[in-house]
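Here it is, the structure, as C-alpha cells.
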Amino acid sequence: MLAIAIPVSLAILGLAFLLTLARLVRGPSLPDRLVALDTLNINAIALIVVYGIRLRSTLFFEIALLMAVMGFVATVALTKYLQRGDIIELN
Amino acid sequence: MEAAFATAIAVLCASGIYLLLSARVLPVILGITLFSYAINLFLLGMGRLSVGQPPVIANGAHYADPVPQALVLTAIVIGFAMTAFTVVLALRALAIDGTDHVDGA
Amino acid sequence: MSTVIEAIVCILLLVGSAFTLIGAIGLARLPDFFMRLHGPTKSTTLGVGGVVLASVLYFTVHNEYASLHELLIPAFLFLTAPISAHMLAKAGIQQRVKVSEATRGRPPVHDEPANPARAQAANPKSDA
Amino acid sequence: MALAWLVVIPFVAVALVAFTRHRAPAAGTWAAFAAALLGLGLLASERIGMPTFGVLQWRADWIPELGLDFALRLDGLAFMFALLVLAIGLLVFIYARYYLAGSESLPRLYALLLLFMGAMLGVVLSNNLLLLVSFWELTSLVSFLLIGFWPSRPEARRGARMALTITGAGGLALLAAVLLLGRVCGSYDLGVVLAHAGEVQRNPLYPAILLLVLFAACTKSAQFPFHFWLPHAMSAPTPVSAYLHSATMVKAGIFLIARFYPVLEGTDLFFYVTSLIGLVTLTGGAGMALVQRDLKGLLAYSTISHLGLIVLLFGLDTQLSTVAALFHTFNHAVFKASLFMAAGIIDHETGTRDLGRLRGLRRYMPHTCALASVASLAMAGVPLLNGFLSKEMFFGETLAQDLLGDFNWLIPALAVVAAALSVAYSLRFVWGVFFDGATPRDLPHYPPHEPPRFMKLPVEILVVICLLVGLAPQHTIGRMLESAAWFALGGVVPAYSLSIWHGVNVPLVMSAASMIAGALLFFFRRDAFRHHRSRLSEMNASEGFDRLVQRLEKGAGAIVRMFETRSLPAYLAWMIAAMLIVPGAALLALASFDGAYRSAPIDPVTLIGLALIALLSIGVVAVRANTLYALVMLSTCGLLVTLAFVRFSAPDLALTQISVEVVTVLLLVLAIYFLPVVQRTIEPLPARVRNAVLAIAGGAMLGGVAYAVMTRAPVAGIAPFFLANALPGSGGHNVVNVILVDFRGFDTLVEVSVLVVAGLAVKALLRGLRLKAPDTGPGGLPWSSQSHPLLLAILARLMLPLTILVAVFVFLRGHNLPGGGFIASLIVSVALLLQYVASGVLWTESRIRINYRALAGLGLLVAATTGLGALAFGQPFLTSAFGHLHIPLIGEIELSTAMLFDLGVMGAVVGTTLTIVSHLGVRDKDMQSVEKS
Amino acid sequence: MTHALILPILIPLFAAGAIVALPLRAKRLQRALNVVATLALLPVSLALAAGAAQGEIASYALGAWRAPFGIVLQLDRLGALMLVLTAVLASCCLLGTTSADARRGRYFRALVQFELMGLNGAFLAGDLFNLFVFFELLLIASYALLLHGGGQRRVRNGLHYLLMNLVGSSFFLIALGVLYGITGTLNMADMGERLAHLDAATLPLAQYAGATLMLVFGLKAAVFPMSFWLPQAYRSAIGPVAALFAIMTKVGIYAMLRCDALVFGGAGGVLDAFMHDWAWWLAIATIVYGALGALAVSSLKTTTGFLVLVSVGLLIAAASMQTVLAWSALLYYLISTTLCTGALFLLADTLEPEPLASTHNAGDTPEPGSLESLDDAAAPAITPDADLEPATARVNVAPATKAAAGASTPWPTNSAAALYLAAAVGAAGLPPLSGFLGKAMVLAAAPLSQAVVLWPAVLISGLLSIVALSRTGTRLLWAMPAANAGPRVAPHGSRIKLAACALLLAGVIGVTVFAGPLKHYLDATAAQLLDRDAYVQAILRAPAQGS
Amino acid sequence: MLKRLFPHPWLSLVLLLCWLLLMNDVSPGNVLLGAFLGSAISFAVGEGLWLQPVRFGKPWRLARLAGHVLIDIVVANAEVALLVLGPTRRLRPAFIEVPLDSTHEIALTALISIVSLSPGTLCAELSDDRTRLVVHVLDLADEAALVALIKTRYEAPLMEIFAC
C-alpha cells in the first residue's frame, strides 16, 4: 500500500511544487513571487518528510526541521526589504 | 542518472559563467553563487552518485562517499566567506564611485 | 506493520499531499495577491501536518519507538508561518499590489514621508 | 692571489671612499690614488716575473654548478689593457682632484671611478667568460652613473640612459654569445674556449656567436650604427670622459674582439662584417667630428672614428693588421685622454666648450696650448708622435688586405679620406681654440688663465708618452705590444718592425696626401660645414634612437592597453577562455566520455528536480535585470540544490546549504538596498555573444567532465578507511562530520581562519562606509513608515530560545547525525540576526553585549588550543580523544575533544557571521554618533 | 616526529587569533605579538631548513591519522627553502611597516599573520585539498591586505583581484574533484602513485585536471593571459604589502613544481603535453607582455608589477622544462627575484609616497588614458642642484638656493638611490647580482630547441627592463619635479623602510656571494623534488605514528 | 531556589519539552540535560531579550483554545479547499477591521497567529496603536459575525489565559 501511496504522494507534492513555481515565475508582483518562494519552502519540507518515510530513514528530520526553523527568515528579510529597504536598521 | 546530473551541472555552470562575465556587481554575485552551486554538485558527483545511502554509520552495508561531501562543506563555507567579502567590497566600490559597474565606469 | 496502520499512514500522506496541492492550486489560480496569500496556510497546516503525522505514525510503528520529534516541524511552522504571511501582506500593501475589484475595503497604507534622513545620507562620492 | 687583489683593491677603495666621504673627503682622494698606485705596482710586479708570452692564472670557486668561477688571467693582452686602465686611471684621479676641487660630490666621483676601474680590470682579467660578462655589464652600469653624474641636467639623464640602453643591450648579447660558446665548448673557461677555435667555427651556431660578440663590441666601442650614445655621454664630467670615453670603457669592445680574435677570425663573415663596420665608423665619425661645435663633441666623434679605425684593422684579413689595431688602441688611449683633459681644462677655465666662442687662448694659457697642440698632432698622425706610427701601419695594412677584390682600392682610399678629416678636425681643435683670432669672445669666465699646476700634470705625462712612443716605439712598448699581439693572434706574431722610418713607401705617400688634404679641408672648412651641417643633422642617429624608444614605449603601451583594459569582464573572459581551451585540449584525447559505470536509473521526480535546477539557473540569467526577482530565482535554485543534496545522500550538505543560503540572502538583501533597483543590461552585443560562447563552452565542458568521471567505476581510495574508522577511531556515526572535525580537522581549522579573515576584512571595509540610501523602493514606491512590526519583533524573540535549543541539538548530535558546529553556529547566527532585523541594531545590542570580533578570535583560539592539547600527550597536533562517561541515573555520555574543537569553530563562525552581517545595513556614521552619546 | 614542523603554521595562527581576540585598545600587545610571531618564524624556519638539508623528507600526520587518510604536512628541501624565504621577506616587511602604515586600515597585524599562516601552510601541505584551503587563506588575507588603506584605486583593483581569484579557486575545486574522482585520494604522494598507474582510457581526464590545476596556479603566478590584473593590483597595495606580495606569485610557481613533480610525475608524466605545448608558450608570452608593460608604464610600483610578470614568465618557462638543471636554476632565480621585487616595492613606498592627507582617497589621482601617462620629459623642469658642473655652477647657483637646499633633508638621499640601484640591478637581471646569475642559470639550462625562443625573449625583456627601470630611476631619483621646486622631504618612516629594503638587498648580496653553496642545495632540492619514490617512501610508507 | 534556577519557568518548561522532542527520547540524562538547557538558555535570553512575564491564569483554557483552533483549522481548510477549487469569481474577498481589547504582547501575537493560520483569514495589519486588526478574508459572508467570532472564540480566551 505504502509502495503506491508514497510515489503518489511524492508526485502530488511535486505537482504542487511545480504549480507554486509557476506562480513564482508568473508573478506578477514581487510579493507574489515571495509568497511562492515561501510556499516552495514548505512544499520542500513535506517532500523531505515523505522522502524520509520512503527511505525509512530518520536522517532527514534535521533537514526538515531546519527548513522550518530558518526558512521564514529569508521571507522576512525579503518582505522587510520591500517595506523598508534597509532590513537591519539602527533603531 | 549521470547524464541528467551532468546536464544540470552544465547548465548551472553556463548560467554562472554568463553572469560572472556581466558588467555589474549584482549579476556577478549571482553568477558566483550559481557557479558555486555547479561546483558543489560537481564535487558531490565526483564521489559518484548514490541514492539513499547517507554516510552515517548504521546497519547498512553501502554508504555514499563521504569525502566529497566533506570537501563541499568546506567549499561552501569558504564560498560564503568569499561572497560576503565580495558583496561588501562591491558596496564599498559603489560608495566610492557611485556606480555598481564592476569596472567603476 | 499492520495493514490498518499502514492505511492510516497512507491516508495521512495523501491528505497532506492533497492539501499541499490545493494550497498550490490556490496560489496558482486565485485572482489577486491577497487571495493567493491564503494558499500557503493550507500547505503549512494540513499539508505538512498530515505528512508529519504520517511520519510520526510510520516511524513509531516501524522502529517500535515513540518517534514524536517530527511534531516539532509543524510546531515551528505554526510559529513562523504567521510571521511570513503577515510580512508578506504588509509587503503587498506597501507594493500596492493589485487588489481584486470584488474586494470590499482597502488595506491601509503607511508611507514614509519624504524622509530627510535617507536623503541626507545621499553622498555617493564621499568615502571618508 | 695578487691577481685577485688587483681586481679587489679598487672595490675596497670604493668602500673607503664611501665611509670617509662626510668626515674626511680628502681621505677618499688619497684612497683613490693609493688604489691606483697599488694596482700599478701589483701589475708591474706580477708582469716582471712573467715570461713575455707567459700566462698567470688564479681562480676561486663561485658557482661551480653553473661553470662560473672567479677565475682571473693575466697575459700580454690583459696586461696592456690593465695597464691602460690603471695608469690612465691614476692620471684621471689626479686630474679630477682639481677638476672638482672643493665640490661635495668629489668623493662620489672617486667612488664611481674606482668602481669603474675595478669593473674594467675585471673585464680584462677575467678568465671565465661569465665573469667577463658580469664585469662587462658592471662597466655599463657604472658608466650610466657617471654620465648621469649631474642628474639635474636633462641631457645628462638622457645621455646616461642612452648609454646604458645601448651598452646594456650589448652586454645581453655578449651573455648570449658566451652562453653559446659555453654550450659549444663545454666550458666557460677562457682557456678552454680559446682552445676550441676550430670547433666553434665549424659549429652551426658560429654565425650567431660571431654576430652577438660583434654586436656587444660595437655597442661598447660606439661603432656604427650604435655610435650615437658616445657624444651624448659627454654630459659626464670631463675626467669621466677622459677615462671612460676615450681610454678604457670604449676600448672594452676592442678588447673583446682581441680576446675572441683567435676563436672567431678566419672566416669571411668575420672579415666582411668587422671591416665594413669599422670602415663606415671610421669615415662617418671623422666627418661628424669636423662639424661639431662642442669641444668634447669633436673629441667624441673623433674617438668614434679612431675606434672605427681599430675595428677596421681587426677586420682586415692580415695578421699584421691586428698588431696595428692593438698598437693604435694604446696610442689612441694616450693622446685622446690627454686631449679630453685639455678640453676639460679649457672648459674649466673659460666656462664654455663652444668652439664658436673659444679662440686665441694661446695668450692666456700657453702651457696648456702647447700640451694640447702636441696631443692634437698625435691625433692627426703627424710624424714623431705615436699616432703617426700606428697610422702608417694602418695605411700599410689597408694596402695589404684582399677583401673586396676589384674594389680593394676602396679601403685605402677611404682611409686617406678619414685621415684627412682627422687632420682637419685636429687642426680645428688646436687652431680654433688657441690661435684663431686675438681675443676670445664673451667667455663666461674672463680672463681665462692657466689651471692649477697639478691639474696639468696628467696631461703632461700623457704628452710625454706620446712623444716617447713616437720617437722610440720599440723601446717603449715593443715588448708589451708583441706580447699582446701574441695572445690576440693565438700564438703567432708576424714579423714587423716598430720604427719611425721605413723609407718612402706608399703608406708614407698616403700620409702626406692626407695631411695636405686635411689642411686644405680645414682651410675651406666653412663651405664644408655649411654643406655637412644641413645633411648630417638630419642623420642624427640619437634622435632616431629616441624616436625609436618613444615609439616602442607607445607601441608597448598600445599593446598592453589592449590587454590591460581594467575591465573585469575582459579579464575573466581571458581567464575562462584559457581554462577552457588549455585543459580542453587534453580532453580531445578522451576516447569516450561515457564510461560503463551506472549508479541508479533515474526517476521522474529527480529528473524534474534536476531539470528545474537547470531551468531556474537560466531563469536567474533571464531576469537578472530585476534584482529582487533574480534573487528569488536564485533562492529557489538553492532550495532545489538542497533537495538534490538530500536526494543524493548528502544530508549534511543539505543542512549547510539551507543555513548558508539564509545568511547569504540576508547579506544580499542588505546589499541590494543600496544597488540600483533596475539593472539594465549594459553589455554591448559583442560582449554578450562572447560571454554566451564562453558560458556554453564552459558549461558543456564541466558537464562533460562530470559525466566522464561519474560514469567511471569508483576507485577504492581513502573513503573506505573513513567509513570503517569513524566509529571505532573517533566515536562518531556521521562520517562527514568526523572527517570535518577529526580526520581532516586541520582543513576545518584553516577554513575557519578563512572565515575569520573575511569577517575582519568586512569589518574593515564597513568602517567609514557611507552609502546613498534610495529614496524610494522597488517600483518607485515610497517606503513604509513602520519600521518594526510588532508581530515580527515578538516572534523573533519567541524564536530565539527555541532556535538556540535547536542549535545546541544540531551541535551535540552532529558527530552522530547530520549537523555539527558549523551548522549550529549558523542557526544561532540567524536567530541573532533575526533580532537585528526585527528590532534594530540599538535595541538588540543593548541586550546582547558580545564583541563578535573577539568572539571569533576566541573561537579560533579555542579550536587551535584543543588541537594543541594532544601535544602534551606526545601526539600530533589535533589528535582527538574520546571516551564514554558513565553517570549513574543519567547513563552514558560521550565526550570527545573533537567536540571542544567544534565548539571553538562555532564561536568563530558565530562571531564572524555577525561581524559581517549585523552592521551592514547601518551607516557607520550613524552608529558612531550613537556610540558617542 | 618533531612538532617543529607545524610551528610555522601554529605560530601565526595563535598570534592572529590572539590579536583578533584582544580588545582594540591593546595596541601594544598586538604589535608585540605581531613582531614576536613574525620574528619567531626566522629561527624556526632556519632550523627546519637545516634539518631538511640533510635530505630527509619529514612528515607530520595531523590528528595522528596516517597518510594518505589523514592530512599530512611534509617538509622537504623545497618547502624549507620557501619557509625561510617567507620568513625573511616577512621580517623585512615587518621592519618596513611604519605604525602609520598599520593605522591606515584595520586589523593589519592580524591579517599579516593570517597571510603568513596561509603561505607557510601552502609550503608544508602534503595534501591537495589542504593546499587548496591554505591557498584560500592566503588569498583572502591578501585581498584584505591589498585593500589596506582604502581608496578608490585599491577598492576597484581589489574587487578585480578578488573576483579573478574567486573564479580561479572554483577551477581549483574542479580539478581537485576530478583528481579525487579518478584516484579516490587527496594525498599528493598517494595521488601521484595512483596516477602513475592510471588506465589509458582515464588518462585524458587526469591531464585535464592537471592542466586546470596548473592554470589555477598560473593565475596565482599571473601567467599570461591571466596576468592583467596584477600590475594594477600590486600598484595599489601599500609598500610593505606589495613587498610581501612578492612571494604571492611564487606560491603559484611553488605549487606548480610541487604538483607537477609529486602528483603528475614530472617529466614523462601526466603533464608533459601541457608543459610543452602550453606552459612554455604562455610563459614566453608572459615574459614579452611583462617587458612591454614595464616599458609602457612609469610608476615604480607598476613597473615592478610588470617586472614580476617577466620573472614569472621566466620561472614558468623553466618549470616547463622539467629537468633538475632547469628547476634548480628556477629556484635560484625565484629567491633572487622575490627579494629584489620586495625591495623595489618597499622603495616605491618612500620614493613615490601617496599623499598622506587623505588616506581614503589616497592614490586616487586621476590618470589620463588607461595606462599611466609617463615621461620624465613631462615631469621635471630642472631645478638648480648644488652640484652643478663647475663651468656653470659659479654662474647659476645663487647662494640662497644652496642655503635652502641645506635646510631640509634632501630627498631622495644617496642611500635611497644606492638601494634603488641595487634593487633595480637585481630585478633587471644585471650583473653582478643574483638576478643575473639566476637568469644565466635558466638560460644555460634551456635545451637548444627552447633556447631559440627563450633567449631572445629573456634578453630583450631584460633590456626593456633596464630601459624601464633606468627611466623610472632617473625620474624618481635624479629629476626633481618642477611642482615643488627644491628638494623633497623624505616621507615619514622612510628610514626604516630603507633599512628594511637594505636588509632585503643584503639578502640578495648574500644569495649572490654564496651562490655556490646555495646552488648546491638547490640542485639537491630539484633532484629530490623530481624523485617521487622518495616521497612515497617517506610519506606513505612511514612507520605508523602515534596510536 | 527553583525560581533562581528558572527565572522564566514557562520558557524553561517549553524548552525542556522541545529538547525531549528533539532528542526523541525521554531518558533521565536527557531530562537533566534538557532542564539544564532550559535554565541556561532562559538565563541567556533572560535579560531584555525575552518577553513580558507571562502569567498563565488558566492552563486548561489554553488546552481548550488549542482544541478549538485545531478543529477550526481543519474545518476551515476543507471549506477553503472547496472555495479554491471552485469558480473563483464567486469569491467575496474583503478587508475587515477587528477592534481589539487585549494589549498583552503575547496574547496579541497569538491572536494574529491564529487568525492567520486558519485558512480563509489573514491578518494583514495591526494598527500602530494596537487597537485594530486589519484582516483579509477570502470569502466574506457576514463581517459582523466574523468579527464577533474572532473576538469571542479567540481573543476572549487569550485574554483570560494571559490574564490581561
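Lettered A, B, C, D, E and F in written order, each chain numbered from 1.
Rule of thumb we're sticking to: contacts are C-beta pairs under 8 Å (C-beta built on N, C-alpha and C of every residue); 3 or more make two chains touch, one makes a residue touch a chain.
Just so you know, these numbers come straight off a predicted model, no measurement behind them.
Chain centres were defined as the mean of their Cα atoms; on that basis the chain farthest from chain D turns out to be F. Central chain assignment: E. Criterion: smallest distance from chain C-alpha mean to the mean of all protein C-alpha atoms. Chain centre most remote from that of chain E: F (centre = mean of CA atoms).
Chain centres here are Cα means. That of chain A falls 8 Å from that of chain C. One simple way to say how far apart two chains are is to compare their mean CA positions; for chain C and chain E this gives 55 Å.
Inter-chain centre distance (chain A to chain F, centres taken as mean C-alpha positions): 22 Å.
If each chain is reduced to the centroid of its CA atoms, chain E and chain F end up 62 Å from each other.
Shared interface positions of chain C, i.e. residues touching 2 or more other chains, are given as 25, 37, 39, 44, 67, 69, 72, 76, 79-83, 86-87, 90, 92, 94-95, 110, 124, 127-128.
Shared contact sites, meaning residues of chain A that touch two or more other chains, fall at 30, 34, 36, 59, 65, 69, 71, 76, 78, 80, 82-83. Residue positions of chain E with contacts to 2 or more other chains are 129, 133, 136, 140, 143-144, 147, 150-152, 156, 159-160, 163, 167, 174, 177-178, 180-181, 186, 360. Chain C meets chain A in the complex at residues 3, 6-7, 9-10, 13-14, 16-18, 20-21, 23-25, 27-28, 33, 36-37, 39-40, 43-44, 47-48, 51-52, 54-55, 58-59, 62-63, 67, 69-70, 72-74, 76-77, 80-81, 83-84, 87-88, 90-92, 94-95, 97-98. If you check the complex, the residues on chain C that touch chain D are 76, 79-80, 82-83, 86-87, 90, 94-96, 110-115, 118-119, 121-124, 126-128. Here chain E touches chain B in the complex through residues 129, 133, 136, 140, 143-144, 147, 150-152, 155-156, 158-160, 162-163, 166-167, 169-170, 173-174, 176-178, 180-181, 186, going by the rule given at the top. Residues 1-30, 33-34, 37-38, 40-42, 44-58, 63-67, 69-70, 72-74, 76-85, 87-92, 94-95, 98, 100-103 of chain B touch chain D in their complex. Interface residues of chain F facing chain C in the complex, by the touch rule stated above, are 18, 21-24, 73-74, 77, 80-81, 84-85, 88-89, 91-97, 112-113, 116-120, 122-125, 127-128, 134, 136, 138, 140.
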